[in-house]
Structures are given as structure tokens and as C-alpha cells.
């Protein structure tokens, strides 16, 4: 934003002041990933012999194969949970945001405040009651139950995102559409939704990461065959007997993180753009 | 039959009373402009007519029908918003057609309508653009097109020109005027620009403080203001308000006494000011009624020339505004540029009292007098 | 000594040439207004003067010093931005003092300055508010105050009034004018409102297409436009441009032939039109130069009355705009309201050719002729 | 910068309650049936928005507030392995505050939360400001800063544990690179272990802060910066006096988000230190989990959860209040 | 029927054992639904279990041990296994201590899988040799030996610095210097006098002494990494239960030659046991109930008990087994177990949740680990131990 000033030469020293800290911090951020990657393609012998950053003498993909072997099955589970949960919570959040900004009614602000508290409750608080409720609903241990849980506790955030975004959308659009004869859903579908691209990206990315990476709900509310990948990863990494196979651990960790990483690398730009578009207005 | 009737409409937001009982009514095919300072409730009233907000009390009739309970889409109105409110995700064509689509107008008919509108507004070549790719004036026309595509009972325009620059404004104003003359629909038009109000409206309603200050033809509003607020609000540069004493004038009539550095003079009033003789009133006289001397007009009744000190000359192009000071009040005169005097010296100014008005100095209400017969 | 000199300044963004060689120069203490349509490069030029952008080529001199290499803070200028650009995190007082603080003006002096400014702009009671708590007009005054707190060599104003409503605009305009008269600093003032340009500037530079179309006094710009663009841009309602043939006129001079439904007539030109005899030119005549007949003026040279068909009457309040049609062109006349004719009939209009101008129909350049001696 | 408060159309929605008389008094009887018909349709339209948010409202009522009450009740019982519902008064709270481990957890939260938020903010702002200097490789760098957010704490914990383990990770690396005197044993040092959690937490969350601030910086009106330069301010001063202060709302949001991450931090601690050495890195969240679930002291766990919730709401409610009280900043 | 079994055996020999169980069940015509939750010695699994039971959807069977069995039985959610037990003559097949642990109010609710001995010390004889030290049988000897080893440049004690490991060492010390009765008084009856006694102070002191002989990187280390230090000859000894044997076996080490396994000093006759067991949760569906009975039966069958113990390094829970397949330490363990059961020197492990409830175990772990990791005085530690244990009940 601060453009180069005329008359002030872009001194190399200044550029260095900018670039050096950036690169240094980038290394700090990148290091664990590099270490994980390197470790995941080394044999255990090499890991014991070498150091964090020593390059593998022989590339081995056996750890990856092993990790895939143990966790591959849960990949589908995670997707089965994440996709509907993200879709539903985003959709509901969008509707909530729409109503809370464009169809305000008495108490709508209070309602929003109520929903927002949901962002902040420590999840341990609701662990047991939720279990009971899921049991009563007949959803205990099912994918559906997990989806429900993630939708409920994701709603607060998606509503917040959409609400803050829609506040900046002129009310006149809705008024104009009402005069044009459009009803509630038509307005949402034809007018508001097409504008929501940036914030949908934010919401989807946020929810996708949160749900994909969730461990607590996953471990507590899943049963054997509906376990999400984080639980499988935990089972793999966190066992206390047997030889620690760091290479497999790292491969498994990377494997579990792959979808979210891909999402971030592909959509990271839109994430920042979406935030700029209004998601963070204080 | 009146096309729109507003009956004692009140509106409050919490404890703030925005509209305090509005009564208005216009016949079908007429053009009503609502004017008033920013924040006086013009948009609120329009929104109430459209059904976008509901009045706290009072009723809205379109035709003969009370529409209070009707939702906007059932009121058969079209509206142009101050901010255009074009649907950013649709191109111009879609924007224009949206209302028709929703009302399930047949495709063929839709195409015909969009063609007609585009031709009328000269936006044929813009039909496939998105709003973001349009200039301000073009957007304005699309917003207009969206309203015109339908054939509603009532058009509502909320300051449709306020975002345009002066140049574009003038030409759009003319277009709207022609449009109305051609279509003969009923229009309610909000503006805070008095020139628009004057040139466009069959009627003008001047709003202030949530009340209708005056409702009448442009001519009545301009020349026969109901009170000082209306007189001041309408007219640019604004009317001069000169506090002055009522005296008996030479010609058996009455006059008001003017004093400036150069001396005194009396301006003859056309009305019977007897009740106020010897008291103070406020004379309202518009800048264009104080002008350079046109000799041939000096014999007209109520017209007289007086030398006044020139404080400031502001050439605006077509005219020059000359500031003088009378009764310790700054007074503006509008003269032909080549006749303007020099600051510091004095020039002869011709006062035309025929359209002058008087106000109560305390209440600001208009003082009305019987016309004196010509001497 | 000239306070500001702009020498052949060019500016391109990539392949778009925004400024194509600007030359301007004003003396100390003068008020220069830059006008031109939106997007013509006014703000860009102002930014270049301020050092906020650097020119692609050319030089800027403040006083006698080339400041091309100087950063904004060393140029000793103050600037008011179109969007006010108040620091949202600081209250009004801090906003005004920020520049002084940075320049390490002693505390006591700062307090004195802020007092003076606040009094001058009547914002004493706003000093502790944040910008978000101010109305548009108040913000505008704070922005002004921020500039005025300092005592720079040069003030730059970028459309400081464009966001205000008509009423406020008029009063702010007067304030700025008085300010300049009191302070006598050099001011460059950008606007796209021609009334502002005319009333405020000692000089006006009309910009279009990245070039200075004309640079001169308001009077020269208004009455002696260099080309059709300037003539059209300055003046509201705009000048009438009537294509017409040059003919020999009755009184040994030349005239231009006017045709309308009712018949023909010739308008006598004051210049020696010989080179264009028999050819077509464009007559430029302002609406206020076509007016109701004032008998006493009909004997003046170049003034003549002609009956014209009235197409449309638009009362604006002080005047009524009468539309007629001559040579198949719409022509606007400005008449006193009570003299206006009725649409469909015809009325006598008085044409004053003394300020009329002629343009080349193809290039739009002004045609200049020797004045003919009075017959 | 200021946006106008959008017009509220609540009145439209409340129309039936507001004006029932109007229809009754209406003279146009012939139109009445039609009005009534449309009125009903209109009513649906009026109720539709409320219907749409109703499920969320109910869900939140039951699953957030109901559960909070539920847990709150449990904290007043002697529930152990499974919930019991006999009222026991404040005994669990007394136990809680008498527990050494709880105090450690609270102290740790203050230390960890404070440092975590502070460093994230400082680093995030710094990086955002630097990234904003028209950097050529901005896209790449941004992705690098952001990607840790994509990883779950389980992954983060695994990776950092592996790197910070003395004798295995960083230490070994440094030794092999010739710096044999290098020791880094924070992970196993009860006094320092909490800082390793800060390191990993910062690593994970700073990217998000960068994104937020970058967005904020991009949203600042150019003209303000120009104005400051004309006023004579240099780059440093423009940032410190104008830009950063005017990002106050972003600071605020970020603080809230980081704050709640800090309070909720559970997975990270579990994966990285498991609360140890000893219970030196215990946080209230892990404390609650340990007691309620592994030690079968649901009553005590619930009490700690309620205290925790109270703390969080103490921070959050003012934020919500200002959020709903209109935009008095920016 | 379908059996869903919650357990935390997800790696190495454990998961192989689970495979066997699965196979056996499938041979009986049941479907096996594996439900494993690893981490924290079953802590995560317990959380899950709790929420499952609470949600009204308990697994068919779960790996639960020690007093937790009683606690769960108390809640009335466990299946009564008396019929299977009667048919399988469990009463005669099981040692008394185990029987007691599996019964609630006289009814069988649990099935034991195996018995671990906790108070083992694993030794790398080559390191001792090189340092010229003698394998210690008392704590005094330990100090001497450790000094020698340290001087020789080895790490005397390989330690994984986690609360449960510290508690494991601590309980062995307590058993050694206090004897079985004292141990029971302190860790089973939770007697305040015992907890604050001098013996307890001494035990703490010895624990601190041991710490001096561990390396500084120990905290947070997994136990199996510590074991591999012994295997690799980096360290001389490790205090760890018999599950460590699997590590040695995996590394291809020969018992008696590459490694030696002796009781923790001063505990030679005594035996701290840690019994893995399963409980069944009440089910409504008939076929599942049948499957539960089959599962219980299979677990108790010699075939499974043998395979499982071989994989885990433990000994079968059931008596009268053919020990031919076991190595010498397995046999020794079995003999000690039988002897102990006669001499009443069998004590339940506190560190592994056999002697007291999870909350007491947690409290003890807290105090011990806090003591171990700080410079707290022994007297202070025992006082706090008593306090926390009282609070946890």
C-alpha cells in the first residue's frame, strides 16, 4: 500500500530490511514441513543415524505405503463427514447471515449474540451431554451424528462470517428485489448468493480445516468403522508399545494433512481476499 | 381519481419521530417531487409507500385501495433507488428483466420490452455488461430501465440523479421529464436539489422535521412560499431575508425601510401592511429580484432603483452575484456580468417588489396581506 | 515570481497516457482551479505536485526550486483530499495537530494554532470527537483545518466540496473564498463543478484528455473559450451549438443564417467572417444570451429579436428555460419566468451576439476573427 | 472508512403485531377478502425469515445453553464415573480451588495465553506489514505462513515433538552441524516446557493473524496514507501512528480469536507434552478432560469447565456487546 | 452376532493378539467390529467408552481393568458372566486375587486376559561387565553399581519421563522397602498413616536418587525408547514391566545373554501385578448376548491366553497352563506369581490402575511426578501425597 516514494530511491538496504525477516520467518514456518517430508522418506536406520535435515541416502516410500495401509480406509470416513458438514454449516450460516442482516426483527441481534457464544464454549463442556443426546437421537457412533455435531458447533462461526459479510452488502439490493416481486428465497438465491463467493470460500476453508482436523469429536462420537482420519492418525502415532517408526508417523501425519494442505495452497489467495471482503470487520 | 393518497402517516424509530403525520394526495399521471433537507424523512416516506417499511400509524392508498397490509411485490410499483441498487451479479439485460421474470412474463414479451427500454435509454450496446463496468450515468439509466420495464401503477424515484456530476444531471433531468410526458404514469420523485424539484414536478411537497411544510405547484412553492423555511430552502442562491420596519410610503401605500452605509431608502410594498405599521417584519426578496437597472422597467409598479455599496462580486458565468449589505444583513443581488459594479464602490440596483414576501420575524410564518389597488 | 510551475509534465500508467504534457504556472498568492471531466487526470496532477506520485517526465518547481526529487514532506505543501482522508484513529484535535507534531512545533504554539483553526472553522465543540462521529460537512471542515493548521507555501485542494449537498456547498464555497482572501496563500483547487471553478479561481485550467485545453481567468474561460470542449464544459445549462451557414448580412457585415419552423432569420456577427462566407460554422451562444426581449436593448449592436417556436418551458425558479429548435438543433434560452411563452406557440427571443463565438465544425477549434468596426 | 448503518426493516416484519387495527378500520370492504388472502401470504413471508433462523436458534438453545446448564448442574453434584444428580453444593468448587494442579493449569493458561497472543500478534503484524511492501513472492510466502493452519494439532504436536526432543531433533542437528555446545531441552524441562507449547502454537496460528492483518492493511484507505505523507510523516511513523492504530478493530477480532484458541488449547498440549513433564504444562482444558474423563471425577471436571467458561465469557461478552452495539470503531 | 470391541491395542504384538481374538471369534461365526482408540494408556479409550455408555450405545466389550471394573459394575451396565464362568470352571482356573478383581458382589463381570508383572528390572549385562559392576539386589548395591556405570560413561538408568513411568518405579520401591503389607495399606487401603510414614519418605528419597542416574533427555520419552537404550547398550538398566520383553524380542535379543531380567531391588519375592481384562456391556439383542458369551469363553481358552501372553511378554491369567512355549523369564514370572499367591505377596499395581480408582491413581501420579520433576523434599511429598489421595476419594 505504501508505494515507492518519488525521490526516495529504493535502497538495497531497505529491501534487505524487508526481505530478510520475511525469509527468516518463512524458514521457521517451513521447517517442520521439510523435516516431516524428509523424515517420511527415510528409513528408520537413517533417521537414527542422520539428523533432522540430512537428505535421505535412499528414497523409500515404504513409510507412506505403511501409513496408507493403516489409515487409508479412514480417508473416506473423513470425507463422508467433512463434505456434508461443511456444506450444511455453510449453507445454514449463509441463511442466518442473510436473515440477521437483511430481515432483521426484534431480537435478531440478541439471537446473533446467542449464536456467537457458541464460538467460544470449550468443547469439553458439551462432550457428555452431547453423547447422551446423540444416543437419544439414535445417532450415536454414526457418521450422521458426527455431521450433526460439527454442523451445530460450526454454525456460530459460519454465521459470524456471513453476517459480517452481508452487513456490507447494500440493503437496497434486497429492497429493489422485493419491489421487483422476488420473495425470500428468490432474493437469496438470485441476488445474495451470487455475491457471496469470497465469503463462501472463507467459510468453506475454515470449516473444512476445522472439521477435517477435529480429533475430540471424532474420537468420542465415532465408532470403529466411522472413525475419521485424525483418530486413525492418533492410533498410529500415539501407541505406547512397539518401536516408534518416526518415518511412518510423519508420512501418516502428512497424509492426514494432505487434503487441507491442498485446499490452502489452492485457495489461500481467495481466503485472504475473502477476509478483505468483509469477514473481519470488527 | 387520486392515484396515491397518504393519510396521516406517522413513523417513529424508537423514540425518534421521523414522520409526524403526512397527508398528501396526487391524481393519476401526475409528477410529485418530495424535497427537503438531508435526513428529513424523504426516503422513509418513499419506503413506506413502497411497503418496504410500515408506518407507525396512518394509511397508504394506491388508487382506492388501502395497501397497508400488502407486501411490496403486490403493490404494483416500481422504484429507482438512490444508490441504483443494481444487482451486481447480473448483466444489464438481466437486471432489467429480473422483475419480469419473477412475474412470469412470457419470454417473447420480455425480449420486446428490453429492446424497447434499451432503445429509449440508449443503452443498447451495454446490455451484456455487468454493473461494475458501467459509468455512473449509465448505471443510473439502467436503474431507470429496470423500473420502466414494468408498467406499474406508480413509479417511485429516490434521488436518482444525486450521484451524477452536474453535466450528466442536466441531461438526465431532461430525459426524465420527456419520459413522464410520454408515459403519463404517476411518479413520486425524491430529491434534495431544488432545481430538479422545480423543473420536474407538477407538484412539490416540501418536507422538514417530519412535516409537510408546503404542498403545491412549483410556481406556488417558489413564488408563494408558506413560510420562511420553504422560502429559504427553495432557490439558489437563497432568498434574501432583510429585517426591516414597516413605514408609510410616499404613494399612500406602505413600504419597508432599508438602511445601508450610503443612506436610507424605502421599498414600496404591494400589500396592505397596515397591521404591521411601525413594527418589524422580515422582507424576503430573491437575488434575481435585485438586479441591474433596466431603465424601461423602472416605471413598473413596485420596481425602483437604489444605489447600494458593492462588497463582493462573484461572477458565476451567466450572472454575477453582487453582495451588498442592507439593515446590517448581507444581501445578494444577481446582475448581468457586464453591469456588475466594483467592490468598494456603489452601484445602482433595481428592486422588484412584486414578488417580495414578508415573514413574521419571530415565528417565520408568512405574512399575508390584501393587495393594494394600483394607485 | 511564480509560486508553482509545472513544466511539460507527463504521466503514464503502463500504456495509458494520463497526462500528456502539462504546462502551468501561477504567481504567489493566486488561486488556480483545475477543472475537467471525471477521470481526466486532475487528481493525478495534484498528486504529482504533492510528490505522492512521480511524473513520467517533466518537472515541478515550487518557488524557483525543482522539487522532483523531494519527498512530499519536504515540499512544504498542505493538501485536502477528495475523501477527506482523516486519520480514523485520532480525534479532531489530533488530526489537526499531527502535521505540526511531526514538524516538532512547540506544544504551546500547537495549542494556539488549534484554537485559532477551530474558531475559524467553527469546530470548537468537535475537537474531541473521532472522525466517525462527524457528519460529512464537519469532516470536510476538519480536513480543511488540517491543511490550514500549517503555513505551507502551497495549498492543494482535491474536490473538497464534492461530497456535500448543495446547500452546504454554497456556504463552504464562500468560506474558502474568504479564507483565501485573508491568507493570501497560493492554492491549487481541483473541482469538476464549474460554478466552483468560476467563483473561486483567479485562474482556471480546463483539462481534458490529459491536456490543458485552456488556461485563463474565469472570465476568459467563460466568455472566450478556446475550443468547443471548453465552451461546452463550462456553463450550466451548457452553451448552444448551432451549425449554420455564414452569409453576408444587411449592414455590410456578416451574419449566420438561422432556420426554424416559422421561417429564417439572420444573426449579425460582430467579427469579420469573410474567410468562411458561404461555408458552415458552428455558432456558440449561451442560453442567457438568448432571452426575453428587453426593448431598450434592441438598439444595441448585435442584439436582435426574433419570434421562435416554444417547444418546452422549464421553470427553474429564478429563470425559465425555454427550448426552441433552430437549424434542427435544440436551442435553450433563459428568460425571466413571467415572460416565458407557451409550448406549441412562439415567443419573441432576443439574441445578444456580442458574446457569441464560432467554432470550426470539424475540429471544434474556435474561429477567431477581427472585430468589425461599428457601422 | 465509515459505513452507514444499514436501514433496519424490522418494522416490516413486525407489521402484524403493530397494526391489527388498520385493516379492521379499512373502508374498502370489497377489497377486503383479497387483502385478507394476500395478507395470509404476506404473513408467511413475514414469518419465513424467522423460520429460517429458528433451527439454528433451537440448536444453539439446546446444544449450547442447555448443555452449559447441564454441565453447570453436574458441577454441583458428586458425579464420578457417570453423571449423578444429587445436589451436593459447592464442594467440587472447593476441591477445585484447593487443587494444586488446577492452580498450575491456570497459571499456565495465563503464561501460555499471554505469550501466545502477544507473539502471534507481534509476529503476525510484522509479517503482514512486511508482506505489504509489494513483495514479489508474496503469494508463495503467504501460503507458507498460512499452511500450518491447515494441519491438525495432532500433526503439529507430532512434528514439533519430534523436532524438539533433545538428542533427536534440533539438538542433534546443531551438534552435527558443529555446534556441540547447543542444548535445547525445553520440552523436558518442567520450567520451560510450557514455552515449547507457545512455540508450536505460534507456529500454527500466526499465519491466520497474518491473513487477518493483511486483509486489514489492504482495506485501509490509500488517501489516509497520502495525507500522512503530506503531513510530513515517514514510513515508520505512518505505520506506528496511523496504520496500525487504525487497525484497532482487526486487533480486536484477532485478540478474540487467539484468546479462544488459547483457552480451548487441548489437542496441542496432548500431542506435544501430554501435560508433562509432570503436570507442568497442564491447561484448564486438559485439566478438565483429565478429571472428567480419565479420572472419573465428572463433578470436579464440570466445576473446572464452568470456571473456564466463566473466564472465557468474561473476555468474550464485552466483545459481543460492542459487536452488537453498533460500529463505534473504524 | 456382531461384536464391537473397544481396546487400545493398536500396535506391535498387541495388535497381533487382537487379530487372533478376531480370528477366533470369526471362527465361531461372529463378525468382529474393531474399535481401537490409542493414546495415553487407554485414557482416550476411557473417554470414548464413557460417552458411548452414556449415550446408551455401549460397545459389546471393552478393555477395562482393576477397580474400574467394580466402578462400572456399580453403574449396573455390565453383563453378568456367571453362566460362562460356571461352564468354564473359572473358579478353579483363576488365582484368588484375579478372581476377586473379576467379580462384583459375587458375580463374574470381567474376563482376565493375562497378568503382567510390573516390578522387573531390565539389564544389559554387557554394560555392567564393562563397568565392572554387579547387578544390584538392594538399593545400596544399586547406588554403588550406578556410580560405577556412570563413571564408565554409560547411562545407569534408562528412563522415560512420564508420570506413569515414574509412578511405576515408585511403587516398586515402596513394595521393596515397605513389603507387601505396607504396600497394600498405602496403595489399596489408602491409609493416611502409611502414606505419610517414614517408609514412604524413604521411598521418595530413593526415587530422587534414581533420578540422578538418568540422562537429562528422559522427560517425555516413551518407555520403549528407553528400552532401546538398554538394548543398544547406551544404558545399563531400566525399571519396567514385563511388556518390555517384547521390545527385546523384536530386536532379536536373546534372554539371559543379551539381556537379563531381575526383580527390582529388594522385591525379589514380591509381585506387583497388572491384569488386562475385558468386560461386557449389557446388550438387548440375543445374538449379541450369545456372542458376548462366546467372546468371554474364547478369552479364557488356553489358546488365546498363550498367544496373547507370548506377544505381550506377560503370563496367562489362567492357571494350569503348559508353559513350554514361554521363555525363562515367563516361567520365572509364573512361578513367582504362584508363590506370591500362596505367600500373599501379590499386590496390585497402583501405577497401572489395579489398586485404586482412576482418580486416586491420578493423584498419586501427580504427586510423584511433581516430586520427581521438582526439588521438593521427600517429607513434603508424602504429606502432599496423603492430602491429594484423600481429596481424590
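Letters A, B, C, D and E name the chains as they come in the text, with residue numbers starting at 1 for each one.
Rule of thumb we're sticking to: a contact is a pair of C-beta atoms (placed from the backbone, for glycine too) under 8 Å apart; a residue touches a chain by one contact, two chains touch by 3 or more.
The model shown is predicted, which means the values in this text are computed figures rather than measured ones.
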item: Smallest count of steps, each to a touching chain, taking chain C to chain E; value: 2
item: Chain pair whose interface holds the most contacting C-beta pairs; value: A-D
item: Inter-centroid spacing, chain E versus chain D (mean Cα positions, whole Å); value: 41
item: Length of the line joining the C-alpha centres of chain A and chain D, rounded to whole Å; value: 14
item: Rounded Å distance between chain A and chain B, as computed from the means of their C-alpha atoms; value: 56
item: Sites on chain B at which at least two other chains make contact; value: 47, 51-52, 71
item: Chain E: positions in contact with at least two other chains; value: 39-40, 47, 50, 54
item: Residue numbers of chain D (touch at least two other chains); value: 7-9, 14, 45, 83, 229, 248, 289, 293, 327, 329-330
item: Chain A residues within the chain D interface of the complex; value: 1-5, 18-19, 21-22, 25-26, 28-33, 35-36, 39, 50-54, 92, 95-96, 98-106, 108-130, 133, 152-153, 155-156, 159, 167-168, 170-171, 175, 183-185, 209, 212-216, 230, 233-234, 237, 246, 249-250, 253-254, 256-257, 260-261, 263-265, 268-269, 271-272, 275-276, 279-282
item: Chain D - residues contacting chain A, complex; value: 3, 6-10, 13-14, 45, 48-50, 52-53, 55-57, 59-68, 70-71, 83, 123, 126-127, 130-135, 139, 141-156, 158-160, 162-163, 169-170, 172-173, 175-177, 203, 206-207, 211-212, 214-220, 222, 225, 229, 235, 238, 248-250, 252-253, 260, 263-264, 266-267, 284-285, 288-289, 292-293, 298, 301, 305-306, 308-309, 312-313, 316, 320, 323-324, 327, 329-330
item: Footprint of chain E on chain D - complex, ascending; value: 80-83, 95, 98-101, 161, 165-167, 185, 187-190, 193, 270, 273-274, 276-280, 289-291, 293-297
item: In the complex, chain D residues that touch chain C; value: 1-2, 221, 223-224, 226-234, 237, 241-242, 245-246, 248, 327-330
item: For the chain C and chain D complex, residues of the former touching the latter; value: 47, 50-52, 71-73, 77-79, 81-90, 98-99, 102-103, 131-132, 146
